[in-house]
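Please read through the structure below; I'll follow up with questions.
First chain written, first letter: the chains are A, B, C, D and E, and each begins at residue 1.
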Amino acid sequence: MTQRASLGDVGLGTGKKARLRRILFQHGLRNGTALFLPYDQGLEHGPRDFFANPGAGDPRYIVRLAVEGGFNGIAVQIGLAEKFYWDYAGEVPLILKLNGKTDIPSDAQALSPLHASVADAVRLGADAVGYTLYVGTPALDQDFAQLRQVRADAQQLGMPLIVWAYPRGAAIEAKGGKDSFYAVDYAARTASELGADVVKVNFPHPEKRAAVPPAYDRDFSSQEAVDAVVRSANRTLVLISGGERAGDDAMLEKARESMEAGATGLIFGRNVWQREHDDSLRFVARLREVLAKYPST
Amino acid sequence: MTQRASLGDVGLGTGKKARLRRILFQHGLRNGTALFLPYDQGLEHGPRDFFANPGAGDPRYIVRLAVEGGFNGIAVQIGLAEKFYWDYAGEVPLILKLNGKTDIPSDAQALSPLHASVADAVRLGADAVGYTLYVGTPALDQDFAQLRQVRADAQQLGMPLIVWAYPRGAAIEAKGGKDSFYAVDYAARTASELGADVVKVNFPHPEKRAAVPPAYDRDFSSQEAVDAVVRSANRTLVLISGGERAGDDAMLEKARESMEAGATGLIFGRNVWQREHDDSLRFVARLREVLAKYPST
Amino acid sequence: MTQRASLGDVGLGTGKKARLRRILFQHGLRNGTALFLPYDQGLEHGPRDFFANPGAGDPRYIVRLAVEGGFNGIAVQIGLAEKFYWDYAGEVPLILKLNGKTDIPSDAQALSPLHASVADAVRLGADAVGYTLYVGTPALDQDFAQLRQVRADAQQLGMPLIVWAYPRGAAIEAKGGKDSFYAVDYAARTASELGADVVKVNFPHPEKRAAVPPAYDRDFSSQEAVDAVVRSANRTLVLISGGERAGDDAMLEKARESMEAGATGLIFGRNVWQREHDDSLRFVARLREVLAKYPST
Amino acid sequence: MTQRASLGDVGLGTGKKARLRRILFQHGLRNGTALFLPYDQGLEHGPRDFFANPGAGDPRYIVRLAVEGGFNGIAVQIGLAEKFYWDYAGEVPLILKLNGKTDIPSDAQALSPLHASVADAVRLGADAVGYTLYVGTPALDQDFAQLRQVRADAQQLGMPLIVWAYPRGAAIEAKGGKDSFYAVDYAARTASELGADVVKVNFPHPEKRAAVPPAYDRDFSSQEAVDAVVRSANRTLVLISGGERAGDDAMLEKARESMEAGATGLIFGRNVWQREHDDSLRFVARLREVLAKYPST
Amino acid sequence: MTQRASLGDVGLGTGKKARLRRILFQHGLRNGTALFLPYDQGLEHGPRDFFANPGAGDPRYIVRLAVEGGFNGIAVQIGLAEKFYWDYAGEVPLILKLNGKTDIPSDAQALSPLHASVADAVRLGADAVGYTLYVGTPALDQDFAQLRQVRADAQQLGMPLIVWAYPRGAAIEAKGGKDSFYAVDYAARTASELGADVVKVNFPHPEKRAAVPPAYDRDFSSQEAVDAVVRSANRTLVLISGGERAGDDAMLEKARESMEAGATGLIFGRNVWQREHDDSLRFVARLREVLAKYPST
C-alpha cells in the first residue's frame, strides 16, 4: 500500500489547495476522500446510456442525486453546467469538463477537443476542471497543446486540474488494450508528468498481457497493479473510474483495493445512475462505507 | 582534441551567462564541467524504466539523489517540477524539459510536442530549458516551429536552451540509424545552426556505416568521431548522453573520450538510477573523477 | 527577539524560494543571512556621492567589490545592469532596481517612477527585483498602481520582490520624520501588507517622538523598536539599511541589534564604498562577523 | 543584355533602400555589385560539406573570410548569427536566413520550415533576410503562407527580402530537373511575383530539355537563358548561385555571363570555402575582377 | 583623461554593436569618433533658427550637407525622415529622434512627448534612436515611463539609444542652471543609470556654482569638469553638444577638451548650419581635424 499524501504535501499553490480542501473536507464524508459523479456520457456515448433509467437523462435529476448522495463533486460539460448548476450552485462542487467528443468516429486518432475554458469554470464557481488526455494517440501534438494551455490557465487561476488519463489509439490496442496494467500505469504517470493535480484512471487489468512490454508480462495481482498505478501517479491524487456498469460486489471490491492502494477516491457514473433512484442511493451508501475506512489529512 | 570554449567566449547574453555560470561553477565540481541527471523517462518510456529500482519511480528520491550526488542539474517535465522541485528549490539547478512524448506510437513521424513554456521555467526558478529536436523526422515543420518559439522566448528571457538533438524517423533508420557517427554529427550541427546554447547528443558510433553518406563511410576511431561531433557543435556546449544502461567501465571510457574531445559534460540517467542508492552514488563518484580532470573557465 | 522564519515557512512559491535560497545559501556566509551592496546612489543622489572615493563612481569597481567582499547581492538600476553585470554574471546575485528618481525636485510629492520591468530582471538573470515605495506620499495612487503591476509580474515569474519601504512626503516630515520608530514601523507593515517578500527599512529611531501618534510617544530602546519593526513585517524578510555614512562602531551596533531582532540581513552601500578599497573590505569583514552569529535555515 | 536597374528605380521604401545601399555601396567593390558568402550548408547538407576543408566547419573562420575577402554579406542561420556575428558585427553585412532544413528526408514534399523571424534579423543588425522558396513543391500552401508572413514583416520593418528560389519536388524532377532553363526561369518569376526584393537562382541550363514545356524545348545559348531569367525577375535584383563546387574557369564564365545579363551579383559558398584559405581568397579576387566590370548606380 | 572604451567592451548586444560600428567606422573619419548633425530645431525652436541662413530651413539642403560634410549621422524627427531621408538613404546614418516639443510653453514642467517609435526607426533604416530626457523635471514620472518603453524596444530590436540628457525644470534653475557642472554631471549619470547607449550632454560650466551642492561648489577647470562628466557616463558613449551658435575658436577648444576627456564625438547643429554652405564645410573640416587626433577601436 502506498501512503496517501496529505493535501498539504503535494505541492499545491494557495487557490488549488483552498478548492481541493473544499472538495475533500467540506463535502462528502469530509474525511479527505472523494466520491465524484461524472455525467459527461450524454456527449461521450449519446443518449443510449440513459435507456436503462430514462430519468437519468435529465441533468436536474443527476445534480440533485449528487446533492442527495453526498457526492464530493459532479463533473459535467459546459452546456449542462450553464443550465443546471445554478439550482444547486454551492451545494455540491462543480467539476467543469473542458473537453469531450462523441464516440461516432473511430478512436484510432483519438482526440478530445476543448469546448470550454478554465475561465468558464471560474465564472461558474467550479472547484476543479476536467481534461481528457488520450495517452498513446497519434494526435498527441494537439492533445498536449490543449493540455498545456489548460494547465497554464489552471495554474494561473488556482484551479485544480483533474486529468481523465485514458489510453487510446491503434498502438494501445496493439499492446494489450486500454485497461491493461501497462496502459493504465503509463497513463497515470503521463498525467503526473504533464501536471495533473488529480488523475482519473480505469482500474488496471494485469491479466491483459498480450503484446505488453516484458516488464508487465508476468503475474501481478490486481492489488499489486493498482498499488503500482497509485505510486506512478506519485503526488497526483488518484481517482479510480467505475467505467461500464458491472456487478456491485465486483465494483465494491475494486473500490476497496483502490483505496487500500492509496487512491483518494472514486468517480462512478453509470454504475450509480443506470439504475432506479433509491437503488442508486443504496449503492452510494455502500461506496461511502468503503471510503469511510480510509480517512486522510 | 577540441579546446573547450570558455563561458565568456560563446556569445551569451547576460541572463544566459549568469544561469550557465551558476550551473557550471556553483554546483557539482564547480570547475566548469557538468553532470546532469535526466528524469523524463517516466513520460518517454513509462514506469517500466523504474522496475529495476522501484524507489527511482518516486521523483522525491531522484531530486534528493541529485542533491546528494552533487549534480549540476536535474531535468524533469513540468508536472514533476511543479510538485517536487519546491522541496529542494535552489539546492540543485532545475532544467525544465519543455516537450516530450510517450513511446507508444511509432517513431516514423516522430515529434515531441510542447507541454510547457519558457515562462513556466522562469516561474519555477529553472536555470535552463530542454527541448527535444528530432533531426531527420518528416514532421520537421512542426518541430522547427516549436523550437523557433522556444528559442525566441529563451532569448527574450535570458534562459539557456539545451537541445536534446536526437536523429529519428524512417530516413534516419535507412541511413545508418540514430547513433551512427553521421547521424549524431549532423544532429549536433543542426542544434547549433538552430540556436541551441547547449546540445545533448548520444555518443557517436563510427562503425555504423551501412548506407551513410560516403564522407562517413570509412574507418574512424570513436575518439575521432566524438572529436568531430564537438567541433560540429562549435560554440554550442556539448553534453554526452548515457542512454540505456550499459557496463560501468564502458560508460566511463565514453565519458573520458567525450571530455577529451572538449565536451562540457555528461547527462546520465538510467545508468545512474537503475541501481540501488549507494551503488548510484559510487558510480557518480567515478564519473566525477573523470570530470575533475577537465576543468574549464 | 523575534525568531527568524525559515525560508520554507514564509509562503513562497517554487521560483521565489529557489532564487532566495540561492541568495541566502549559495552566496555570502551561506548561512541564511544576507549582506547586500546597494548602488543606486548615482541616480538617487548624483555623482556627488562618489566624491569621497572617486573610484566608486566606476560600476565595474563596485561589482568587483561585491564579489571580493562576498556579498549576497548587488542592487543596481537597469543601465548599469545591462553594461556591467555581464562581466561577473552569476558570480554575485543581481537585484535589479525597477524604479528610481533623482533628488533634484522636492520630495513633497515623492514618487519613484518605474524605469525597468520584472521581465528585464529575468532576462538579465537577476535573483530579485527592488521597488521603492514611498510610504506616506500624497502620490500613493501612482505608487500603489506601479507596485501592483510589479508584484503581479513578480508572482507570475517567480521573482522575489524586495521593497525599499521609505517613509516620505510632507505628512511624514510633520509626524516625526522619515526614520522615526513610528514611520519605519508603519513602512515595514505597509510593505508586508502590499505583498513584499523582503522589506528594506531604515533603522528605527524611537527617540524621534515629535508629533508621532501617542502609541509611539513613550520610551522605547532601539532594540525594542527594531524588534517591533521585524514583528510588523511578519513573514516578510527584513533588511536593515545603512543609510548615510556614519561611524563604524555605531553601524555595527545597529547591525547587531537588527540581527538580534530577527532581521535577515543588512544592505549597506555608502558606509561600504565611501572609503578606500581595503578599508571597505575590512569593514565588510566586521559586518560578516555579526551575521555569522545569526544563522538561519 | 538586360540593363541593371538602379537602386533608386526599383520601388523600394526608405529602410529597404538604406539597407541595400549599405550592402551594395558600402561594402565589397562599392560599385553596386554584390558578392555574398552563403554558409547554411551545415544545416542543409550536414558537416560532410566541411570534410574537404575542415577549417571551414568553424563559423568564425568563415565570418573572418567574408571580412578578409571583401564580401558584401554573409548568409547564415540564426544559431550561427547569435554566436558568431557579434565578433565582426557591422564589419560585413549579415543576411539572416529565416528557414532551412536538413537533407535527411526525401525532397518529394520539400518544405523549408521557418526557424527565425524578421524581428530576429532586426535585433541582430542584419541588412537583409533570406527565405528559401521551393518552387514546384506540393507543399506550396505552407511555403506560400510562410513567405507571406515574412514578406509582410519585411515590408513593415524595411528589411530587404532575398528569396532563394529553388525548383524542387517530384513534378520538377519529371519536367527537366531543378536547374533547367525552364525551372530556373519560372522560379525567378515566381519570386518576383510573390514579392522578393532580391532573388537567388541557380545558373540556368537550357540544354536540360527533357519533358520541359515546348517553349523551352529548343536551342538557347546559356547567355540567352540567363538574360531571360534576369528579365523574368524584372525589378527584383538577381543573384546567381554557385552551387556545388566545380572548375574555377567554368564558374568564372558563368559569373561573367550572369553579370552581362544584368544580374546584381553572385552568391558563392562551397566554391569559395571548400578549399584552402589562401586559395579561397585568390578565387574571390578573380570573382571581384568580373564584378568590377559591371558597376551600377 | 578618461580612456575611451572600445566598442567591444561596453556591453552591447549584436545589433547595437553592428549599428554603432557602422556609424563610427563606416562613416565620417572611420576612426571610432563621431560628428553628428542634429536638425530638430525646427520643432524645438521653430523656424526662427533658420533666419540666419534661410537655405537651412530646407531639410534636403541639410541632409545633403551631412553627406558632403562626411557626418556620422543626422538626427531628425519622424516627418523629415519620412520625406527627406529616402533620397540619401544609406549614404549617411539616420538617427530618428523619437520625442520633441515646441519651446512655446514654459519649461517649468518640461516633458518631451513621444511622436515616433523604435519600430519607425527600424522601418526607415535608422542606425540609432534619440530620446530627450529632462533630468530634474517634475514630470519625471511620464518621462521615465516613455524612456522605459523606448529602452525596452531598442533593446529588443538591437537599436542604439542616444539620450539627449538635458537638465531642466524649476529645481534645476534654482540649483545653478541647466549647464552647470553639477547639472550636466548628474544628467550624464542619469542617462547611464537608465540605460542609454550614448548620451548627449552640453559642455559643463564649473563656474556656475550658485546654489549647487557643496561637492560642486569649488574651483574646477573646464577640463576637470568634462573629464568628470565622461567618467560619470562610464560605459555610455558621450557626445558633446554644440548648443547655441558661438565663436568658432571657443567651440573648437570645447571640442578638443571633450575629446581629450574621452568623449566619443560631437553633435553640432546650429554652429554648423547657421552660416553659409561653404563656411559650414570649412568649420566641419576644422572639427574633423580635432576628431582625427582621437582614434578609438
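As a working rule, a residue touches a chain if its C-beta (ideal position, glycine included) is under 8 Å from a C-beta of that chain, and two chains touch if they have at least 3 such contacts.
None of these values were measured; they are calculated from a predicted model.
Path length between chain B and chain C in the chain contact graph, taken as the least number of steps between touching chains: 1.
Put simply, the chain nearest the middle, going by average C-alpha positions, is B.
Looking across B-D, B-C or D-E, the pair that copies the A-B interface, with over half of its contact pairs the same by residue number, is B-D. For the copy pair chain B and chain D, the superposing rotation over Cα atoms measures out at 70 degrees to the nearest 5. Rounded to a whole number, the gap between the C-alpha centres of chain C and chain D is 56 angstrom. Chain geometry summary: the mean Cα position of chain C and that of chain E are 35 Å apart.
The centroid of the Cα atoms in chain D and the matching centroid in chain E are 39 Å apart.
Contact with two or more other chains is made by residues 82, 86 of chain D. On chain E, the positions that touch chain C within their shared complex are 10-11, 135-138, 140-141, 143-145, 147-148, 151-152, 155, 167, 169-172, 175, 182, 185-186, 189-196, 213, 215-216, 228, 231-232, 234-236.
Those residues of chain B lying in contact with chain A across their complex are 40, 42-43, 46-48, 51, 54, 57-60, 77-80, 82-84, 86, 99-102, 104-106, 111, 113-117, 120, 142.
Residues 13-22, 25-26, 81-82, 85-86, 89-91, 94, 119, 122-125, 156-158 of chain C touch chain B in their complex.
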